[in-house]
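Supplied in structure tokens, the structure appears directly below.
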Amino acid sequence: RDTGTQNNGAGNTGNKTGCTLAPKPPAASTTASSSAQDEQVDGSKLKVGLAYDIGGRGDASFNDAAAAGLDMAISKLGVSKDNTKELTASPQESEDAKQTRLRQLASEGYSPIITVGFAYSDALKAVAPQFPDTKFAIVDATVDGAPNVTPLIFAEEQGSFLAGVAAAYKSKSCHIGFVGGVETPLIKKFEAGYIQGAKAAAPDIKIESKYLTPAGDNSGFQDPPKGNVVAKGEIDAGADVLYHASGASGKGVFEAAKTANALAIGVDSDQYNQATVADFKDVIMTSMIKRVDVAVYDYVKAVAKGDVSTLPKVFDLKSDGVGYSTSGGKVDDIKDVLDGYKGQIVDGKITVKDTPGN
Amino acid sequence: MSSSAAPVAAGAGEAPPAVVLSGITKRFPGVVANSDVHLTVRHAEVHALCGENGAGKSTLMKILYGMQHPDEGTIEVNGAPVRFRSPTDAIRAGIGMVHQHFMLADNLTVLENVVLGAERLHGIGARARRRLVELAERTGMRVEPDALVERLGVADRQRVEILKVLYRGARIIILDEPTAVLVPQEVDELFDTLRGMREQGYTFLFISHKLDEVRAIADSVTVIRRGTTVGTADPKSVSSRQLAEMMVGSALPSPETRESTVTDQVVLRVEGLSLLAEDGSGRAVLDGIDLVVRSGEVLGIAGVEGNGQTELVETVMGMRHASSGRVWLTGRDGTTRELTNLTTLHRREAGIGYVPEDRHRHGLLLTQPLWLNRVLGHQTRPPVSRGQWLDLAGAKQDTRRIVEEFDVRTPGIDVAAAALSGGNQQKLVVGRELSADPALLIASHPTRGVDVGAQALIWDQIRAARAGGLAVLLISADLDELIGLSDTIKVMFRGRLVADADPASVTPEELGSAMTGATTDVPTGAHGGSTSDGPGTGSSTADSEVADSEGGERG
Amino acid sequence: MNVVRGKLLPPVLAIVFAALLCSIALLVSGGNPASALTAMVAQVGEGTTAVDIVNSASVYYLAGLAVAIGFQMNLFNIGVEGQYRVGAVVAAIVGGAISLPAGLHAAVIIVVAALAGAAYAAIPAILKVTRGVNEVIATIMLNAIAAGVVAFLISQDAFGVLRGNNIGTAEIAETGWVPGISFGSNGTVFGLVLLAAAVGVGYWVMMNRSRFGFELRASGESATAASAGGVNAKRMVLVAMLLSGAMAGLVTMPELLGRDHTYLITSPTGYGFTGIAVALLGRNHPGGVALGALLWAFLDKSALALDNVGVPKEIVTIMQGTIVLSVVVAYEIVRRLELAAEQRRVGRQNSGNGGAPGQPAGASAGGV
Amino acid sequence: MAATTTSGGENPSAAPMTRTLTPPRRRLPGWATGMLWVAVAVTVLSTTAYLTNIPQLTSSSTTQTAVRLALPILLAGLGGLWAERAGVVNIGLEGMMIFGTWGAAWGGYYWGPWVGLLAAAVFGALGGLIHALATVTFGVNHIVSGVAMNLLGAGVTKYLSTLIFQPLSHNPRESPPVPKFETYSAAGLSDWLAQLEATQRVGIADVAGILRGLVTGVSPLTMLGILLVPVTYLVLWRTRFGLRLRSCGENPVATESLGVNVYLHKYLAVVASGALAGIGGATLVLNPGQAGFLENQTNGRGYIGLAAMIFGNWRPGGLLGGAALFGYSDGLQLSSGGQTVLALVYGVVLLLGVLVLVQLFRRRWLAAGVSLVAAALLYTLYWTVDELPSELTTYLPHFLTLVVLAVASQRLRPPAADGVVYRRGEGD
């Protein structure tokens, strides 16, 4: 019988001392928080529509986060549950299905309508002008030439930068890895920030990086066995902290980390507390959090107030649109460092690139 | 309905009849295959069953074997009434059947084929092998238990079929047209085996279209016409002609030779044609074939199946690619073209008609209507096509003509080809191939499995076309047909043309021994002309070695 | 009459059966089948749904025909999936890169799509003809590889253009668009729906009237008989596969030139597999495939209404699977019933007049 | 019939013609060919690993990964084998696998991995039963039914998980976490092999690496999967049931005529096929490192299994080879990426070199020439390119399968009546 802690990898021997670290950034001066100050806003008259991407409510990823935002709006802004409607895209559906979904919501009088995922951008471009009085928002994309569409975009690279810093600090072999699900521009932002952050913290660090499938082949987000193999390959190559941005395939990454006694970083939401990966709690040292819930909530609130211009252009570290989680307490010892880098990014002393490479 | 209620009554003290079928009726959609059939088979006799194609012989036997269920009627086996739900029941009652079309799985070994379904007897391992070898020894049917069936020739396959039946302990054995694919020597061997087994108490039901064979082996014969029994006779006291008349009510036709129509205009010239086996072994299936067929001539090729006749035909047709050698054809317009590098379609266009040996595999589109079958092979030529487009009206028109001229019995030209009986399918194919006025007709077994009436019609049509200057390359396993129809005969053995024979003088036995490679020279002029009664004058009692030694002495 | 019974009854029976089965599933899970069904039917009248059905059906139709060509000669081209994607992406790249007068531009794109699809289909065709590689396995592999080829071609290193978080090919200039037929707020029917219809007619003429179609069907029915009849089997495999691939290349043209004007990494996949189902439903007949495509499109589009009545959309996938299966089962049952009826008829006939046993019943009237 | 003649060689009339024309060629027995292939593969790999200095090619980790990735494919392929040996084409393997994943998650969640495994087999078998009903009883075209099965598999499981899993996992497309099988290692052996592997001696270290991968971290499900290969062989080729089943796929009419119940055997075969595919699905759920049920998680593995079976010439040993090739190359590209893939190109060059020699020996000049050109091209590729585009290396296993099939060009031999609709009593 194998024990769960058996060490299979060639690397990760744990007897190295870790990286030579760059000097720590100065301690953070400010911590901004947009949704902290909660004034009373009444949203009871709003009819809120949500159009999810493939996966929908319950995907334990960004759709779920959007759903959480809606739930928050229901509880905090007094939006009536009966006045909300959630629709979900099917895999492999064509453009007209998305358009029909949006028209359906708009013609039933829903406003605002929040679309989750950049796949909706073309559909919005077609539908939004047909309903000029309806307010739309789109997560992860901007739609040009449609004034009634509010983009809710995130600086994933900034959050990932902090993940990179954390990885560099926690790596004993000074060798870390990134596992991407599908090689899309969006996921490349995660990779870019991660690499930049790690290098900022430890200039000599070695970084493995690999995607499961190329763009267009979305199975990379749904294939834990492949995620497992890729993670194992990176661990074998010497990495001992892995950051994944691979949706459901991340389970495989966590398992590989657990088997090899390595650490992992979750993505999108606080995966330490996620039920479906509860078995791997102890290797999830932190998660890069993308606060789609906050964005959705803030957007609904802004609509209720009648002014969406107050929303941040980009949900970034500054607006707490992205961040990192501390559940499990594994990064408590380096919290000051992380907050230091965060402060530098917020202050514009560090600019994080959104594409990997030079 | 005239039925023959057991003419040979089971006398007192004798064993009860092995099989009694009474009042059997079987209907298929659109067809009544058997109608009130009565048949009595005595114990330890060879009982022959004769009838035209589609008369219902096979169906009756399948009913006896439990594969089909009669709509009406009763079956008794060894005096006891039985009701078979499946072949298993029949096998249990001691009945075995060797089917008209071999029922063997090609990709399994001989042993596997034999034990299949009867594993309970001796398992499937060493014990079964011992039992099979022992059985083969006893009956003289040598087989190699571990050979793949696909590598066996027809005669071997038949042995396997019979062993299969014996292995199950059958005492009543149905043989459906077992001789159709055998050469005379093999037929004789088979008959010897049957006689020996009859002595041991086996009962046989024997179906054949070859009436002389029936007279040679059977103890009694029952004739079936149009699904019902017309009578039982003693084969020793009736002539083939009488039997035939019982079957069809008309005179027995014969492929008799008449005045020669051979001209000196060469139509087909083949030089040094060779073909390598497809298995990559480098073995030659055809080895330096030279031949010439002239206008008005029928060139017959005799040979045991598997000696390269099929390959010769398919190579001349362009369906296989010769490794060396050349082929020329002189068309109706007198121009000579080299065919060697042409496709099958171009060869057909140059003036070759082709009656394939297996009409189902190579001749017909079974689920398509007759008129669309008329197009096959002629898709580039009027009247069935105009350039790249089909001429449906023309095709239908011409199909109606063929149906009329060749007496194809069909409800119409829109029925699927599969709906016709074998003989009628064959008439359609022959009619089609002669309709484009070819210079050369390649006819492979043109009357195999076809009843006497259809046979006569096909022979007549070939003969008429020959008189009009058609050259014919004829392949046939039916040596009477070969001798009767050909102007020249060549014998093929192991991919080579090893002997010539003069159809005016050669006997089937001589031809048969040359075909097996026993003799290389076939005498010409030793015997009289072929008889209209077909082969078998005497050969039924003589065993093969007599024929061999005769050939040898003369050689 | 007979045609109605033999050809139309089975699919109707099948649809009813599938609907019944799904209703039971719904009832078991506490849903309301009646409201689900009415919602689906009512959805057709909603907004652009009717037009969307026609538009999608045109796409499914092309895919179905592409598959059907192979089926006609027993070539199982699973590869339509890969071929249409390669065709679409190459056409989109070329279309975005060139500028030509209106009309000509679109024509060039369509031709390029067909050529690219055919070229991709040529791989399994050549492998089969020269090396005897089973086309099923080859096309399964090539479907996966097509995903890589498409990803490679769309990547920013090759021809891709970043559009927000999405990547796609460069937008095709307006000269390359094919205008649709607008129904105002009810949507716009793709202009290339006419192309699909024309391809269907062409397919019918080719199959039933041309020498080539005859040879194709003959090869499918019996490869051996066809080759004895002068049909070059290898050539037929090659040509059929290329034609199938060319038609596959056309699959997304209505969408590409009528609506999307670019091929994105998020562009839908799976039309090739839909094509298989649709071709099977339509029994490879151009009319049947059209009906199959419409039915499929109807199920896909009206499924969007199910969310409104709280029924999981997945029930439609179950329904589609059940329909495919039960259509063929229904054909078989009707065939058997007819056989039995025929048998009884003959039985009666013969007991009536003594008949002419052993002769085909139909022939007994006409004599011989 | 040869009753009257005695010694066959003397009298040619006794010798059946076809047999004398085709002297039976001595063929190596199946297991020997298999071993030979394995030996060639290992040799080429270790040589390549040495020459390119990429030890991952034969590391134990790679082997372990290969086993993990090959397992579902192997089981799906076995499923295909059972069905097709009985004459039923099963393109619905994918759907049956999906049934299996759902069943495994459901059974596993409530009652643990063993029940999960059982449930997976039962669910897969149910899929097989529907397929059998359609193809055997109703004579539906096998492909049609298979396509429908794939649709049904996806639809029904999605529907069921909305009903059953969503309340538990709050996600309609995913099950809650499912308990997994434990893994076992042959401890002593594994350690000894690890020492050998660490020596980095050419050949020995490679073989040790590969072997160690096979005996380390193995779950009961993995053992079952691998065990099912010889079991399948024994059942199908060495028992009476297997003989009957195979003959249904070769010549059902003949089989029926011998009193064998063809329908029954086809039913059993297809149901077994579904069960095997279901177990294949279970490996994606119950083996360590796998997720629970996840929509679309089979991701075409059923089709690949079918391909592996065709690749393996409808034989268990060949199928194992096909699945191994697939799992190995996929594992390699996933875990080590572009560079190793390039090393593999080098390996192919070596293999082609061997092939050229064989072809020269057999005097097949053309084939040798073609192989030589291909080898030269690949070698140029190896030298000129640093790394292959990742978009394309992702599909390395698919490329390899195509290439191997095209090169080996073996004469595949499907069961003669494979895919032919058989209707009882309508035989000739």
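Every chain is named by a letter (A, B, C and D) in the order it is written, and numbering of its residues begins at 1.
Assume contacts are C-beta pairs under 8 Å (C-beta built on N, C-alpha and C of every residue); 3 or more make two chains touch, one makes a residue touch a chain.
All figures in this text were calculated on a predicted structure; none of them were measured in a lab.
Student: Centre to centre, using CA atoms, which chain is the farthest one from chain D?
Tutor: B
Student: Between C-D and A-C, which chain pair shares more contacting C-beta pairs?
Tutor: More contacting C-beta pairs are found at C-D.
Student: Would you mind pulling out the distance in Å between where the CA atoms of chain C average out and where those of chain D do?
Tutor: Distance between chain centres: 30 Å.
Student: How many angstrom lie between the centres of chain A and chain D, each centre taken as the mean Cα position?
Tutor: 38
Student: Just curious, how far off is chain B from chain A if you go by their C-alpha centres, in Å?
Tutor: Result: the chain centres lie 77 Å from each other.
Student: Pull out every residue in chain A that's touching 2 or more other chains.
Tutor: Where chain A meets two or more other chains at a single residue, that happens at 91, 183, 213-215, 217.
Student: Going through chain D residue by residue, note those that touch at least 2 other chains and give them in order.
Tutor: 172, 300, 391, 394
Student: Across the complex, what residues on chain A touch chain D?
Tutor: 1-2, 6, 8-10, 55-56, 58-60, 64, 91, 183, 210-215, 217, 219, 222-226, 228-230, 232-234, 236-237, 248, 251-252, 255-256, 259, 275-279
Student: Under the definition above, what is the set of chain D residues touching chain A in their complex?
Tutor: Where chain D meets chain A, its residues are 56, 59, 61, 64-65, 68-69, 166, 169-174, 176-177, 182-185, 216-217, 284, 288-292, 294-297, 299-300, 330-331, 334-337, 390-391, 394.
Student: How about chain D: which of its residues touch chain B in the complex?
Tutor: Spelled out, the residues of chain D in touch with chain B are 1-5, 8, 11-13, 16-22, 24-25, 238-240, 243-244, 246-247, 250-251, 253-261, 413, 415-416, 425, 427-428.
Student: Taking the touch rule as given, give the residues of chain B at its contact with chain C in the complex, in rising order.
Tutor: Per the touch definition, chain B meets chain C at residues 27-35, 54-56, 71, 225-228, 317, 319, 343-349, 354, 356, 361-368, 372, 375-377, 379-380, 385, 387-390, 392, 407, 409-412, 415, 419.
Student: What part of chain C is in contact with chain D in the complex they form?
Tutor: Its residues touching chain D are 25, 29, 76, 78, 127, 131-134, 136-138, 140-142, 144-145, 147-149, 151-152, 155, 157, 273, 276-277, 280, 312, 314-322, 324-325, 328-329, 332-333.
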